[in-house]
Amino acid sequence: MTETLEAREPVRVLGGPPPGAATLEARGVHAWFGDRLVLEDVTLAMPANEVTALIGPSGCGKSTFLRILNRMHELVAAASLAGEVLLDGDDIYAEGTRAQHARLRIGMVFQKPNPFPAMSIRDNVLAGLKLAGVKCADKDGLVEQSLERAGLWREVRDRLNSPGGALSGGQQQRLCIARSLAVQPNVLLMDEPCSALDPTSTRRIEQTIVEISDEVTVVIVTHNMQQAQRVSHHCAFFLAGENEPGRVVEHGSTEQIFENPEDSRTHDYVHGRFG
Amino acid sequence: AEAFSQVNGSGSTYVGLAMSDWQNGANSRGIPVNYSALGSPAGVNQYGDHTVDFAGTEAEVSSLEAAGGGGATAKQRGYQYVPDVAGAVAVMYNVTDAGGRRVDTLHLTRDVVARIFARQITRWSDPAISATNGGFALPDQPITLVGRSGQSGTTALFYDFVAHVAPGPYGAFIARNVDKGIGPLPSGVRPIQLPTRGPDADFYRLFADSDQIAQTLANGSVPFSIGYDEFGYAKKYNAPTAWVENQAGKYTLPYAANIAAALTKANLRPDLSQELSGVYANPDPSAYPISAYSYLMTPCGAGRDTCKGGYPDGAKADTMTAFIEHVACDGQINMARIGYSPLPPNLSQEMMNANARLTGRPAKQLNAGNCANPTFRGSLGAGATAPQDPFAAMGGVDALTHPGNGGGPKAGAKEGPKSSAGAQASNGPGASSSNGPDASEANGGSRDWRNAEPAAYQGSGLGGFGAWAALVLFAAICVPLVVRGIVRRFRRTE
Amino acid sequence: MTVSSSASVPAPPDRLVLADLPSRADRLFRRVTSGAGLSVLALLIVIGFFLVYRSVPAFEASGFGFFTTIQFDPASGHFGVLGLLYGTVVVALIAVAVAVPFSVLAALFISDYASPRVRGFLTGLVDLLAAIPSLLYGLWGFSFLRPYITPLSQWLTGNLGWFPLFETKPGAVLFNSMFVAGLVVSLMVIPITTSVIREVFTQTPPGEKEAALALGSTRWGMVRTVVLPFGRGGIVGGSMLGLGRALGETIAVSLLLPQVPELTTHLLEFGGATISGFVANNAGQSGPALSGLMAAGLVLFAFTLATNFTASVIISRSRSGAGVDA
Amino acid sequence: MTATEIRVEQARPAPVRRRTSATTPQDRLVALGCAVSATLLTWFVMHQLLVSPGWLADLVVAYLLYLGMLYLVTRDRLGRLAAFDKLVSAVVVSGAVGLLIPLLFLLGYIVVKGVPSLRLAFFGHDMSAVAPTDPATATGGLHAIVGTLEQTALALVFVVPLGVLTAVFLNETRSRFRRPVRIFVDAMSGLPSVVAGLFVYAALILPPAQLGFSGFMATLALTMIMLPTVTRTVDVVLRLVPDGLREASLALGASRARTVWSVVLPTARTGVSTAIILGIARVVGETAPLLFTSFGTLSMNYNPFSEPQESLPRFVYRYIKEPLASAQERGYIGALVLILLIFALFALTRLIGRTRWSARRTKPRSAR
Amino acid sequence: MTETLEAREPVRVLGGPPPGAATLEARGVHAWFGDRLVLEDVTLAMPANEVTALIGPSGCGKSTFLRILNRMHELVAAASLAGEVLLDGDDIYAEGTRAQHARLRIGMVFQKPNPFPAMSIRDNVLAGLKLAGVKCADKDGLVEQSLERAGLWREVRDRLNSPGGALSGGQQQRLCIARSLAVQPNVLLMDEPCSALDPTSTRRIEQTIVEISDEVTVVIVTHNMQQAQRVSHHCAFFLAGENEPGRVVEHGSTEQIFENPEDSRTHDYVHGRFG
């Protein structure tokens, strides 16, 4: 599948993020919705070129944390936060930084596939260019490359001009991954990208994650322990008590979290005792 | 030749139809005129507001002022009245005789018409009404008057007639109603709206426009009513229209010939407004007394000789004068066909005089050679002739009223065009009690009128189906069903 | 913030003040859209202000009597809106009283009884009917329907005349009454209320409907326990919206009613006036009468506003409008 | 499905789909029986025993009888709950039918009255050369159609940018004025059309402004009526655009403006056009404000900015009040054309809606 | 917890289903949405008084099958089906059988808790009586008994008149279970009853399922393998290929399915290889 890609010179975009994966580091992140503290003092490093999985039961603040990582959190009215998020050492929340810029470098894939329904597949892939003002000389090459890396090229190359909404759920999700990859971000955040998908599509996307992790840093939220085990190098376990904010209970290499967790709650969780 | 620019007018609905005809004629000769029939008061007001260039009205500014409907601005702008077409107010009615049949050849004297509308005569059985209708007493029902709600030029015209013919009752009527919606009226000023409260108001049914009045009176939905309206609407809906007696003692309907005959006696006041006492008392046997004409209102300075410059825009003045000339001559050709009467020659000439004042040039003198107005040739145009009075064929109203002529009117009335007047005796089971000399004398015309149900309550729809009947019916049908159900259940459980 | 996440609960740090640098396009965007929004605001303020300004002479002439005088009587210089307002409200209430039961039935039919194909068709048809100009309703009501309503009025007064609202004077004329006008207006209101109520009914959480059915309920049971309680706000709101529309209804009423203001309980009898109809029939007034009309228009506006607001408050308070799935 | 089906058929007898209809044949038989017996009973009682006062009474009695019988019989068969359910179903169905019949009558009436005199020439000339006494078939409505189109088109020029921008303002910004603006838009939608006309008349046509009657004045009044309608509907449509799309766009590094322009509006395009067309349909038949503003005329006036202009509702209103039978017919022709115009607008929304919107629009719903 | 219940005479309803659990048996069930076959030839017996779990990846037709079991499937427009569903030997789709009747005997609990929000807790429990025309002499007793069996009595006995919508998600779900139990059905179907709930509520409901299974037959759909293992006696594994209808791949005792499945796909699935 990747032969074509390697045989060719990779297509690069202009005006986008600097090339290559970047390290993301959260320091003392707190998050509030209104006056409710939902995330407390999360400090976590997500090393470049590796896949970090965030696991934990529902409502413990995984999505909130993920959205803080690329400044999507502030889109929610009455949401606020504290702490620092360092992208290759620079705080994306530093004064004078544009949210747009941070988001361009840190892409995101959502739980529900959301291709732009008014655009064709090709336009969907190129949407980031248009939307963020990134240039590219070889658009067709970029489309092919992005779809290839998202593992969708074979399936759609004959119908690049049909609308994005006409694909199946799994294909739509891969299209969204391709769309995010097209602007060549340094980090890719994924919030339960497979939860709405069938097994085949899930497997396909897990494959994709593994493949792209040599180009971007991936942070993925998942409910599926097996998935976390399969794709991630690092794991962070979030937990929120009743009426308490979410915290990172434990983090470390995936192997350690699953085989030999320090905390008994982690052990219970990864072995399906609850959640 | 001249440069025209569009003139707009608004006002009287009474001339609306004539205006359509004139616009159509004027436009086809390149005179751009536009008219919108919003009602006389609206016309005068908009004229005063300078939003239109001319108005069409029957109501005089003084009436309007008295009614609080504006007029002050029109005075400020200055105006002259220009006669444009002759017409008449028809008296329509919806009465059934004791037998429940529609009366359709009612004959009324001017005096009676005026007293009815001044609410001195208030019941259909009034001897004054029987007197001109073969002596037959109509049912003793209160007279419901049908008129226009709000301000209306037609109302003003009609009540001018009432005021002239029956000054006493009119005066009393006005005095009674002066603050009941008709406003304080200086003497000589006619009301342009009818009372909306007070004792008289209960007997009025006021409608928003002429169309509804005619439609209502034609379809008989207001029992025992009489109203005034433009004759055109009466013809449209075939509403029964009263024959009105003139000075010569003849009874006429407002056909063009009768209107034209009457209007030969119209006098003009210095401001060209009409003084119609001569018309109401025109001795011509074919005159229809409630005739009048409608005005155009065009700008003019304070004195009548200085109308020049009324339109600052010369092209507008040209258009207006061209239009007035069109109306005065060619515009009159079709009038009889659509329910009006062409202006008599003297009034056509007055229009040209008005034009002369507007332009400052000498007036064009009209004659049969240069004016197509049919009255210059002694004709009135198509559709002018009036039908025969059905009573005349029977020897006239007087002869019919004579008591000795018992069976005559009955037979005679049947010969009328669509007559059921001269009410036949209804020999129904209840028709035994005699109600006074009038009734018995009139061949039993209204024997059981006291018990007669108003026409509206008979016949149609759910009229005779009472709620109690529904209940009884429903019970009668459902009880067996319920019983059957109970019996079956009983059996099953056994 | 320096305290590591250990046993002791640290005081949460200060929240970040997020200062995003908006791009030039964004600033322009914000300015243009705000401009549009505020111009709508300004437009309404101008309208309201102007109406008030032009109504002042009438209010000055009549004082508070403007609201307590029945007759609108330019002849005496006394303007009163009470009779007009009464007629307006009565006609609108009749219209809504007739329209709402039918609308609820029709909306129920569309949302819960009809097959999907019929549902799609009816939804479109109702929307289409809602767009038919009121002039045509008025025309039809006046020339076609009126004769058929008169017998109904007769029956009502003949059999239910003991009820004050159906009472008529002997020999009264039974057409061109507020009742007839109310019925004709109700025909215009029905499509609007139906479409609002249907919208709300179709938003009933399917989970609750299925819960009811899964308990062995009949369709009616489901409707009664789930759809109607859920749609209550929608019914009230839809009725209020219909009321607002009925209050402003002009042409049909101006064709039907004699426009003589009065306070009467004899709704089946000839007579009645509404503000909008009266204004339409007196188009072209000037001077004090015009300012009287403006004042009446202002009152109508205020009234419609009040109903619309109540409607939107009720709709948004109710579960149905908020779209909250409990 | 075909492939599977064939395979299944080979394996074992093809599965027979089962009827799962809520009504059994017995139910239908019962309904029919009740209807027949109610009719017969009504006939017997109303016409043989009593004197029926009219068909309306027959209808009411028969209907009530039918309901009663249906209830009793079903109760007998299936019990109280089922019987009441049947009763309510019958009432609901007849309520809906009873509501639609008069409304369809309305359409039919105008068509029947208008069609006989409608000629193609109606679309070809104005009324300036048509005498009042000419037959109704000579009617020309071109001037009215042109007026309607021009006035509405001009209103669109104001309404579309202002309405869409305001809706965007309400949906896509976080200004603190959003609440007041939304309230005011709601308030404005309560502005009675006659008051809008009165406002334009008093503010612009009368002195001191003295702009005179013209189609443009009508446009202004129509704008006031149309603006809140369009704004509110577009607002709703924009709200239907899934938030996920906005977030996706922002997450790609787009600015707000860009997101609205490139993602939100294109996604909502069909909805927005539907909203606009419905707004047009709403004002195209407005009559009351025209009484005050456009004045009306018999002849063609292409210029909406000066001199009176006719429009279709004005045309209808003018002729239904004139005292000639032919004029009345002219009115009905105008009414018919007006209805046709509105039909056409609706067909247009359907056409637009069918392309892609309908499929997408159901998405948020099925997701819930 | 069950002492109170056993100490007392159980409250019985009149006009409801015959008492006791019933055997449910599906024979050759097919299901279509429009022309799309989504479920093919499912034959499965769900023995009385036992818990049967339906497992399988998303979209394989578990919910559809469950809804066929109590005639909810036909509520979806354009849905149709073939086959038989025998409740204690009687086909619930037989001509002349009313759907209401089948649904009364076969209760259902949905994925999303759906109490009637406008009704009080007590009325919610009694809703079935009113809706299905079932009578009960001792309503208060019935409320207590049903809530007790759903494990909610302790928590809500002091606020029976507060609205049902005011409870937490897990409590709402147990309220829905109590509501279904109140009409004393023979079978209770549950479609992922815990998927929207937190761990504590989940454990509570699992307990409830175990407790009620001696009175009704329970059929439960779940995505959580551990849950299936914990609560069920029998298991059926559904699977649908791409563009193919769902089928039962394997069914049998829970132990067998989890420890020693015959089919390799079952093995993969229950060990989290996909889905």
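As written, the chains take the letters A, B, C, D and E, and residue 1 is the first residue of each chain.
By our rule, contacts are C-beta pairs under 8 Å (C-beta built on N, C-alpha and C of every residue); 3 or more make two chains touch, one makes a residue touch a chain.
Keep in mind the model is a prediction, meaning the values are calculated, not measured.
**Q** Starting at chain A, what is the smallest number of hops through touching chains needed to reach chain B?
**A** Between chain A and chain B, the shortest chain-hopping route counts 2.
**Q** Based on the averaged CA atom positions, which chain is farthest from chain B?
**A** The chain lying farthest from chain B is A.
**Q** Which rotation angle, from 0 to 180°, best lines up the CA atoms of chain A with chain E, given as a multiple of 5?
**A** About 175 degrees of rotation relates the two copies.
**Q** With chain centres defined as mean CA positions, report which chain is farthest from chain C.
**A** A
**Q** For the interfaces A-C and C-D, which has the higher count of C-beta pairs in contact?
**A** Looking at A-C and C-D side by side, C-D shows more C-beta contacts.
**Q** If you average the Cα atoms of chain D and of chain E to get two centres, how far apart are those centres in Å?
**A** One centre to the other, that is 45 Å.
**Q** Take the average of all CA coordinates in chain A, do the same for chain E, and state the distance between these two points in whole angstrom.
**A** About 37 Å, centre to centre.
**Q** How many angstrom between the C-alpha centroids of chain C and chain B?
**A** The mean C-alpha positions of chain B and chain C differ by 39 Å.
**Q** Which chain A residues touch at least two other chains?
**A** 100
**Q** Scan chain B for residues touching two or more other chains and write them down.
**A** 10, 38, 49, 460-463, 465
**Q** Quick check: what residues of chain D touch more than one other chain, meaning two or more?
**A** Expected reply: 22, 54, 56, 81-82, 206, 255, 258, 291, 320.
**Q** Enumerate the contact residues on chain D facing chain B in the complex.
**A** 41, 45-46, 50-54, 56-57, 60-61, 64-65, 68-69, 72, 75-76, 127-133, 205-207, 210, 212-213, 291, 295-299, 307-308, 318, 320-325, 327
**Q** For chain A, which residues are in contact with chain D within the complex?
**A** Chain A residues touching chain D: 70, 72, 75, 77, 100-101, 103-105, 107-108, 110, 112, 114, 116-119, 127-128, 130-132, 134, 163, 165, 176, 179-180, 183.
**Q** Hey, which residues of chain B end up touching chain C in the complex?
**A** Against chain C, the touching part of chain B is residues 10, 38-39, 41-43, 45-46, 48-49, 66-70, 72-73, 141-142, 144, 149-151, 179, 181-184, 193, 196-197, 205-208, 212, 216, 219, 221-224, 454, 456-457, 460-463, 465-468.
**Q** Quick check: in the complex, which residue numbers of chain B touch chain D?
**A** 6, 8, 10, 13, 16-17, 20-21, 23-24, 27-28, 32, 34, 36-38, 49-51, 209-211, 214, 230, 232-233, 235-236, 334, 337-339, 460-465, 469-470, 473-474, 476-478, 481-482, 485, 488-489
**Q** List the residues on chain E that touch chain D in their complex, please.
**A** Touching chain D: residues 28, 30, 32, 35-37, 40-41, 71, 73-74, 80-83, 93, 95-96, 98-100, 132-133, 244-245 of chain E.
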